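The following pair of complexes shares a single chain, chain A, combined with chain B in the former and chain C in the latter.
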Partner chain A sequence: MATLTSRLKVPGMSGGLLTTRQRRENFYGYLFLTPWLLGFFGLFIGPGLGSFYFSLTKYDVLSSPQWIGLDNYITMFTDDPLFWTSLGRTFYYAGLGVPLGVIGSMFLAILLNAKLRGLATYRTLFFMPSLVPIVASVVLWKWLLNDDFGIINQTLNDLGWSDPPGWFGDRRWAIPSLILMGLWQGLGGTRMIIFLAGLQGIPETLYEAASIDGANAYHKLLHVTLPLLTPTIFFNMVLGVIGGLQVFTAAFVATEGGPGFATTFYSLHLYRHAFDYWNMGYASALAWFFAIVIVSLTIWQLRLSRRWVFYYGG
Partner chain B sequence: MTNRISRRSFLQGTLAASVGVLAACAAPAAPQTGSSVDEDEAAAPAMEAINLRWDTFRGIGSGWNEERIDTFREMHSNVTIELRPLAGSGQQDNYAKMYAAQAAGDLGEVIAFDPSHYHFWRAINKNIIMSIDELVATDGTDLGEWFEHFMSLQYYQGQLYGLPSWGWAGFDTLVTNAVHLEEAGIDLPDPTGHDVSIDTINEWAHAFYSEGERFGLNISHNEATIVVLCRLFNSSLINEEGTKCLLLDDPNATEAMRWAYRLGVEDKILPAPGDIDNAGGALTAGLLTMNWCGSLCVRNFKNAIEDDSIAKAWQILFPTREDGRFPSQLRGGTWNIRQGAENADIAYQFLLHIAGHDGSLSFNLVGGNFAMVRPDVAQSLVGNDPIHEWFIPSLENGIPAHAPANSRGREYTSAVQQWTDLLLDPNQPVAFEEGLQDLHDNIQAILDKDPA
Partner chain C sequence: MAATLDRLPSADIQIDVQRRGRNQIQMALTYILLTIASLLFAFPLFWTVSSSLQTWQELRSFTPHLLPVVPQWGNYAQVFESVPFARWLGNSFLITAITIPGTIITASLTAYSFARFNYIGKEFWFVLMLGTLMIPSQVTLIPQYVLFFNLKLINTYVPLTIGSWLGGGAFMIFLLRQFIMSIPKDLDEAALMDGANPVRILRSVLLPLMKPALTTVAILQFLNDWNEFFAPFIYLSRSHLFTAAVGLRFFQNIPLETTDPRDHLLMAAAAIMTIPVITLFAMAQRYFIQGVVLSGLKI
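Up next is the complex of A and B:
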């Protein structure tokens, strides 16, 4: 029985052979794909598989790897006091920082989507902190949040708080300090831009219809803006959780994991084993476990999204 | 014959090409171990063109390295030295780069794995650096040119592996803002006197503290400080063999930590971790009276002062121990030659060139490092600035650093810092006995690990 394609006459194609033009297009297509694919296999898949192998070995880079099976994974769960605590701290950081960041950026975007005079200036001002290099940002915030001489605590003192937080120097406040710094830098950044794009994709007609039905601004926000923004919220949440769980630079620069391990996040713990202690096999095991955690969380978020993400016209 | 390339076959081809690329990138075998110097190589013709690679992060950007290369080349026109600056974000990053270069078979011939950063012994155990005993003997080098204790840091298991580069007595000093003492009507103590007692330090730490305005004393929680704190109380943090933590076993070490605990946790007059990031800056700004540091910090403090009415550099040395030694931790760096390096004899001549009087002196004055590792350089530095006279007694009567026997120096220093943070945390205090037990146990756990 003849197939559908064999019975259809496609212009420029005969007998399953490609035309010269199509061959040329294919050639260029593959040609331009090749560098990316070489990088993908050579710099991502290859090293990834390599690290999985190393995770089953004792390896310090300078000596040949010694096969130890699952020992690194067993050690991780049973004999590494910093494994669970660093994992917990990482979830604490992401669990608090990501929702605050996403909600904050969303409301900032809603504000900056209003038709105000000088809107471009406001948008630029809010976007500017995200352009500050993270090391400069850390230096700035360490001065601002200095326990004894910082302007924030001086102000809190003036306002009557006699024993303000120790911020970076206080184990209870070290992670909130990093979150605060991250919010300053991230609220008005690319996440806000994505929300702005999402807001501008909401049809004006829906707001007009709501107005005719007597909806006030709050009703419009609740019943028009938020539902239609859920795909953007979801997108930012997924990226935020992945980024939040990988928190490293701010803690590495600001607190070096201290005080007393208070900001030793999972990535920092992994980094130390890899590049300070040269336990590369163990660090690979830590990396693979964490990769599985992040992928699992992302899949869970994707499944959960069916319940609350609304695609207009979808 | 079809001209089609299926997606599957294309992806398979790309994968195969990637595997080929990865295989081609496989690191060449690290240089083999063996005899330290090949005699044929040592007898190479004098005018043979020779190239050496110098991998270092010391002195980079100051012009010191280039000056040393140029002056060496004036003496040996057939030798070119390729300077390959290591520019990691911190010293430890640069060691990581050197380990990676070694693994890739690309480490230079002239290198440095400093004992002070606990990489020296590891590098020897991993056959990265070579013994230079034969080169010293062939050259007839007088090893008495360097201070004995910095020379002693260059030995491991009876063999010599390097020549001293930088060196100081560790955190042996209270770097002091003399303005505060003068304002309080206190006669400045003799900077080399070792005559200020622990009780007086304690009293001044309280007296100069003013909440929200100034700290009287800053004690950082790093290993360099904690070691000297224990030595001040006639003990140490770990034993000489590097196998045992002394905090619970030696009552003097326990008392040392209790002294710091009282100041930091009970009296709450010491900066909490993170309160003072830049102690040198705080001294210069008049926000701190005494900073527990070392002679290098005194020199830097003196050079940083812009307003004499706010800050004036002084030092207080800790009282002499019962055994007559000064509480200190002699720490130092090294210059090494890579194991299996070609032209090791020429590399050794270059080592002498950078570790000799002129090289060492300019390493201080141009390179910005603290390198009082030679008596003749110490004298030259005193001529340059009399303040250097203050630092010599500790060099002559100090106590060497003790390193973990298993070469796990980074894990050790990290454990000391973080667990001391917990013990001395004024914001979430733990009971002294509990905090000390944790600190002790976690240090011992590192010392008990297999060799790195």
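Up next is the complex of A and C:
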């Protein structure tokens, strides 16, 4: 993203007076931008500021908001154990699921990038699970991972594991179950396609040069493929973290946050306060804190990327 | 040149044989890994279809059948009899019928603005637009809900579709902008010489060339709305308005007249909900791939 801003053209501002041409550019530029600007202010900036205001009030939609200053934020940090639990659970889910997902997708893409026959079929098979709507996928995985009658536990039983995990019904296994489902859906999806495109962007001459220097397949992977894939890895990590931290639907449909509070992720905690208890003020404070966490993490990843992301020829 | 002539031909052949042998082992390994992985990916899909065609007694036996003894096609009919699933599928299609034209029109306009005009503030708006991708939707959720609540638009499709008519989202705009920038500007300028105004240029020069990108956008919009759970879940409470995604979860939880296990019916419903997406993919596979390639890599 850092390179993106530098690639943008700065509009011509030469001279003091606007030329006819510049006036025309301004007119049509803004004319075509209008629908988006309306949406940006009406559905994004306006509501964003609105929720900041709500976060400083006690508000239940039916009566008007009551100003309470920073009370919601103070409650959040000092008097809401579920705030910390849900934040921890969310980081556990994203911290384990995102790296596994990115590495797995990269691995599949590297396999598919070999110049072999019939690869299109494999690519299609890997891609298919990502097409399954998430609610349908949850219904399916709850059945696959059914404690007694699921095919997975029955197979594990046959293999001699007499006491296989309770998966979605077990506090310790609920998050790993969600991660497993997420990997099935995500590994071969758009992330893998992005990696494939990244791999195809690596110049063939580099591999040839490495071969002449006597490199074997493993050396090429380590010293050519991986360094040149770092921009793609980085891109997928950033998107993965932003998406992973916001996990809602899978956990809500599969377990409604349970068992216990095992899968009460941050967005589920927020949802409960907003739409079960109608604590719109408190939920808004939760939302703003969450936005700050996600934006800070993204900026931190951008900073960190300078140390490990390698842009070839750029 | 001299060096290559000096090398003995036999040594070359030997290296070649060695390398070919190693390549064959590598190739075999790759195929084995790919086959194992694809079986793992495909099995749950196969299992959905197989389970959807079994009786619940078959599913709940301790010796699972990989295939149904007698395919129970009636399970599919039973889904439509138990809950208004046909209506929910129709509702989902209706929503996509509203959002797809919205996104195509307004995201094209926005992308055209960003790709072809040099106006004051462009960079500022563009960076802000990309910034919206980073902000979690929860931040705007509550005031949006309050807004639509006060406008008496709960239990309508307005909250679910209005965004598509106001730009269609940063991702779609970015994708179309990338595409427009790949079209030579000479074409615009030639049309301008001929006296076409910018609206005309967009309509008659660019849009026809943008068909592949617009198809990609239409498909992505369809997938988004077909999958979307959260927004229809909070904005729709009357069951006749449900989308397929909300309906499927409803079907998972509601009590029915019979208390028999309904795993087989749920699998059938999950399969029904997935069929339109798989069909679309089968018809337009290259656009799925293209969308990713167009949008992802230039950031």
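Annotations for the structure displayed:
In this text, the second predicted complex is superposed on the first by the 288 of 314 C-alpha atoms of A that agree within 3 Å, B and C clash if a C-alpha of one lies under 4 Å from a C-alpha of the other, contacts with A are read in each partner's own complex, and residues count from 1 in each chain.
Throughout what follows, contacts are C-beta pairs under 8 Å (C-beta built on N, C-alpha and C of every residue); 3 or more make two chains touch, one makes a residue touch a chain.
Keep in mind the model is a prediction, meaning the values are calculated, not measured.
On the superposed chain A, the two partners chain B and chain C do not both fit; they clash. Once the two complexes are laid over each other on the shared chain, residue contacts for A:89 go to neither chain B nor chain C.
Once the two complexes are laid over each other on the shared chain, residue contacts for A:277 go to chain B alone; chain C is not touched. Within the superposed three-chain model, A:170 lies in touch with chain B and out of touch with chain C [touch as defined at top].
Of the two partner chains, both chain B and chain C are touched by A:149.
Contacts of A:259 after superposition: chain B is touched, whereas chain C is not reached. Applying the stated contact rule after C-alpha superposition, one finds that A:269 touches neither chain B nor chain C. Contacts of A:248 after superposition: chain C is touched, whereas chain B is not reached.
Touch criterion met: A:26 reaches chain B and chain C at once. With both complexes superposed, C is the one of chain B and chain C in contact with more chain A residues.
Residues 26, 30, 33-34, 37-38, 40, 42, 46, 61, 146, 149, 154, 275 of chain A contact both chain B in one complex and chain C in the other. Taken together, the chain A residues at the contact with chain C in this complex read 1, 3-5, 8-13, 22, 25-26, 28-40, 42-44, 46-48, 50-51, 54, 61, 108, 111-112, 114, 116, 119, 121-122, 124-129, 131-137, 139-141, 143-144, 146, 149, 151, 154, 184, 187-188, 190, 193-194, 197-198, 201, 216-217, 232, 235, 242, 245-246, 248-249, 252-253, 267, 270, 274-275, 280, 283-284, 286-288, 290-291, 294-295, 298.
Interface residues of chain A facing chain B in the complex, by the touch rule stated above, are 16-18, 23, 26, 30, 33-34, 37-38, 40-42, 45-46, 60-63, 142, 146-149, 154, 157, 166-172, 174, 255, 257-261, 264, 272, 275-278.
Per the touch definition, chain C reaches chain A in the complex via residues 22, 26-27, 30-31, 33-35, 37-38, 41-42, 44-45, 47-48, 51, 59-60, 62, 64, 106, 109-110, 112-114, 117-123, 125-130, 132-147, 149, 162-163, 165-167, 173, 198, 202, 223, 226-227, 229-230, 234, 244-246, 248-249, 252, 263, 266-267, 269-271, 273-274, 277-278, 281, 285, 288-289, 292-293, 296-299.
Against chain A, the residues of chain B that register as touching in their complex are 2-5, 10-11, 14-15, 17-19, 21-22, 30, 92-93, 96, 99-100, 102-103, 126, 128, 211-212, 215, 271-275, 277, 287, 408, 410-411, 414, 417-419, 421-422, 425, 427-428, 452.
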